[in-house]
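Right after this note come the structures.
Next come two complexes, and both contain chain A; in the first it sits with chain B, in the second with chain C.
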Partner chain A sequence: MIRAAFPGGVTLLQAAALLPPVAVAVFARGAGATAVLAVALLTALIWDLVFARARAAPVAWHSVTTGLILAVAVPPDVTLWQVALAASFGVVLGEQVFGGRGFGFLSPAVAALAFLAFSFPGTGLAGAEPAVAAAAVPGLVLLFAAGLVFWRLLAGFALGLCLATLLASGALPAPSLAVSLCFGAVFLLADPVAAAATQAGRWIHGLIAGGLVVLLADMGPVNALVFAALLASLAAPLVDHLVIRALARRRDGRRRHV
Partner chain B sequence: MATFLDRLTRPLIDENPVTLQILGICSALAVTTTLATALTMAAALTVVLCLSGLFISLIRRHIPHSVRLIVQITIIASLVIVIDGLLRAYAFEMSRRLSVFVGLIVTNCLVLGRAESFAMKNPVLPTLADAFGNGLGYSLVLIVVGTLRELLGAGTLLGRPVVATVAEGGWFEPLALMQRAPAAFFILGLLVWAIRALRRSQAEAPDYRLEAAEEER
Partner chain C sequence: MIGLNAIRERRIRPAAGPVGALRRPDRVALVGADYPGLRPVLLVAEGDRVRAGQALFTDRHHPEVAFVAPASGIVETVALGAGRRLSVLVVRLDAAPERDPPTKEVRVGGARAALLAGGLWPAFRRRPYGRIPAPDEVPEAIFVNAMPDRDGAPDPQAVLAEAGPGFDRGLDMVAELTGGAVFVCQRRGAAFATPGRERICTVYFPDPAAAGLSSHHIARLGAPAPGGSVWTVGWQDVVAMGELARTGRYHGQRVIAFHDGRGEAALFPTLLGAELSDLADLPGDAGAAFRLVSGARIGGREARFLGRYDTQAALVPVRRVSLFDRLAKHLAAGGKPRPKPILPRAALDTALPVAIPPVPLMRALAIGDVEAAERLGARGLVEEDVARLTHLCTSGSDYGRLLRRVLDRMEGAA
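Take a look at the complex of A and B:
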């Protein structure tokens, strides 16, 4: 187990995990993706600095990960001011209004991508290429070793995906669909900030997200995953609440019988 | 005179019914997709607020305490029916765009709140000043939200093009999100944030705090 023992360690680990997919995306898509990467990173960092200044706190640099995720998931043909606007929305309203990383209940990257897809209809989000999916695997291993990805959530997601596809079409999901969801599942859905906090809650969170992806699949794989992750993370606090209440009831019941 | 002006101006920002007391949010979200609907709704609510304040304040000594809410709602509902009828008669298209929301002024917490907390206890003139001030405060928020949503969501103001959109050969890509309800929440939230950042006294104490040991780490 790797442990992030110093401040900023989590950010460093997540950014390191993101580097291979970002490199693959920029290399494969060319100049457009480089511009998106620069704008997304710059906007996210500016907001980090502004809020650190306003709160008289040390700069956290957490939004670097948001910028990197956007660089992979935003298609290279999106106008740059739209990228800046979406990144601002994600970092400010998805993260900083709550007080910074770890205080909110949403992944800022998911908020930014949902904003982009909602505001400019027809934006097909990127990041579904097999090369990007392959590059996400070392990141997954690193995050898993560091305890920054919950296996119950991802297992629940896979299970939900299989069950919902079975119900809908009577067959298991096509491998191509699973590959196209790989990057998003690791970096958008499994953000520990947005995930449920209880063990059983993580299974349910994953199941909800998996089912929603199948329901929304007509939008395109990454768009579907973004909205599924958004809705599932909104449900996560409620799921946690119900799980804790069920556990407490079971414990009280047991005590009464003794 | 000073208190009269005070009653009129305090609800604009310092005691704004929407941003401080968070009343009347439902209609503030629903009718602000364009500036024209926001203006009509603001005018309708201000008229209802002033007239209901006037009538309730006039008969406040004759209203039995136990049925006061019923009397207040009856007066407010009658006024709303009149306003709704007037809109249908003279501005039918606008009335259709506002749909049920003029009728829902009856259930607007702001109107009943001012009737119960102010008009029941004060003479006519202060009540009118208070009602008009609160109506203006509500209108101010609706106009700000409506302007932003129409400008960013369609590139127009009151139906007239202001910035050239991509569809017309310009550069501005309208934000479709702005025409949807969440955008009103975001704008309203940002507005509340801005006001409370400038007027520290309006900020509420946080519900939860980190423990000191955790904060140091």
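Take a look at the complex of A and C:
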């Protein structure tokens, strides 16, 4: 069990988990991806510094992980000012306006990618390659050991995906689909800050996301996952609220001595 | 506790080693931190000679509740804090323990008066709110915690064998205080309470860390109805009550587990409120690199004296700051400190002894949202329940203090 007792430790862990997929993406896609990486990182860090300065607070550096995720999920042919705009949107409106990492309820990377796909139609997000999926596995193991991904959420997601595909087409999802969703499921969907906070809520959160991916599958796997993750994380507070109400009702019903 | 630690969260087994000889400290103390909000009416002054079991002060709101000296000696210091709350009362003990003349046995039916006057009333704490109950309160049930309540606490199995009939007699005293059940919560094995007695139920709980806390037992067996209360009491206090009932003497000894970080914990009896430095072989010149902690490894407090409700103490080396820690700290440094975020992670999910989702609770406590905390069931919690959250959370908040603040507001509104 790896224990990070400090927000900076969590950032280091998540950045470490992201390094293999980023390396694979940059290596496989060439100069375009390097430029995307540089612009995304730079933009994200500038906003971090700006908000730290505005709040007279220490720099959290957490947007490094947002930049790294964007470097994998943004295709190399996207114009760089669009990357900068999307990264700004994600970091500012997905995270910093709430007070920074851990105070909001969205994954800034998901917000940035959703913004990119929504504002510039035709942008097919990347990160579905089998090589990237394979590179995401060590990160998954690391994050799981640190308790920074919740297995209930991922299991719920897999279940939701299977159930929705069964309902829609009468067959289980193709393995290629599972592979193409691997990176996104670990780094976009399973962000602990955006996930539901109750155990039952995490199952439901995963189920909703899995179902939505099938519903939105026409967009392409990563686009579908980004919007599914966005909608599911918007629903998460409501899910938590309902779970807590159900727990309270059960507690009140059990109030008696044997 | 700072930084990125590749720490294996090792469970420390209950201390079950052979019970050593009594270690008598030079000083004992009653510490205000054990009785939050208590305003004492002092019955002794500095320099007075006191006997074991003699009342030192009473609660201003409940003059019947006596707080007594664990052993005979001379009152050395009486310190009051803000609002005339008790800060600390230190008694320097006599070199040789004075044998008090035995007084008479406690009659059946006289338990309440005997416990109040005999100084054992503060052993009880009521839920909700975790305070010493009022002298005339009748709880719905009383939960005797006969488990090693934290990692590394003394195993009652190793100690109670010698207590013999004392524990049963103590349970009789406890049972007189309630019309409901007395639950003896313990681990698997031989029942500590002689079976077959009316209203005294032995309940077995499995081993995991959080199952040792009374909140877990209460949640399992039934929380109090709105407006009602249940009480909790530790197994060693029940033994002391049995002793009081049989001999009329105040039994100020408690078996504690002392962890010095080298191998197995030492298990030995000492006096309530013992000065911790008298119990340990302090490392000579490296003394500065150690702290004395009263209570469990997680949730204990740095202290000079053993806490009233603590059953373990530790000599904790002050950890050297690792390179990782410095790097992580450096990343976040520069600028004034501000609230750090609560980052959810899996370890938190098993940190509470009751089925309350930890992250919503932490958020509610952090912002002092009484309503949300109430809905989550925080009313039944006490500080010891959230100690693991404090230990695990990235925010560095002290959830015990935050919980007490929320509980105070609930109590004020009730």
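Here is the rule we use: the second predicted complex is superposed on the first by the 253 of 258 C-alpha atoms of A that agree within 3 Å, B and C clash if a C-alpha of one lies under 4 Å from a C-alpha of the other, contacts with A are read in each partner's own complex, and residues count from 1 in each chain.
By our rule, a contact is a pair of C-beta atoms (placed from the backbone, for glycine too) under 8 Å apart; a residue touches a chain by one contact, two chains touch by 3 or more.
From a predicted model like this one, the values you see are computed outputs, not experimental measurements.
Undergrad: Can you tell me whether chain B or chain C touches more residues on chain A?
TA: C
Undergrad: Touching A:Ile244, do we find chain B (first), chain C (second), both, or neither?
TA: second
Undergrad: A:Thr198 in the overlay: touching chain B, chain C, both, or neither? Say first, second, both or neither.
TA: second
Undergrad: Examine A:Ala60 and indicate which partner it touches, taking first as chain B and second as chain C; both and neither are also allowed.
TA: A:Ala60 contacts chain C only, not chain B.
Undergrad: For A:Leu113 in the superposed arrangement: first (chain B), second (chain C), both or neither?
TA: It touches nothing on chain B or chain C.
Undergrad: Looking at the overlay, what does A:Thr79 touch: chain B (first), chain C (second), both, or neither?
TA: Touch status of A:Thr79: first partner only.
Undergrad: Between chain B (first) and chain C (second), which, if any, makes contact with A:Val97: first, second, both or neither?
TA: It touches chain B, and chain C stays clear.
Undergrad: Shared contact residues on chain A for chain B and chain C?
TA: 7
Undergrad: Tell me, which parts of chain B touch chain A in their complex?
TA: Against chain A, the touching part of chain B is residues 173, 175-178, 180, 182, 186, 189, 193, 217.
Undergrad: Which of the residues in chain A come into contact with chain C in the complex?
TA: Touching chain C: residues 1-13, 52, 55-61, 100-103, 146-148, 150-151, 192-193, 195, 197-199, 201, 240, 243-245, 247-248, 251, 254-258 of chain A.
Undergrad: Considering only the defined contacts, which chain C positions touch chain A in the complex?
TA: 1-9, 140-141, 180-181, 201, 221-225, 324-325, 327-329, 331-338, 340-349, 355-357, 359-360, 363, 375-377, 392, 394-395
Undergrad: Inside the complex, what are the residues of chain A that reach chain B?
TA: 7, 79, 82, 85, 93, 97, 115, 118-121
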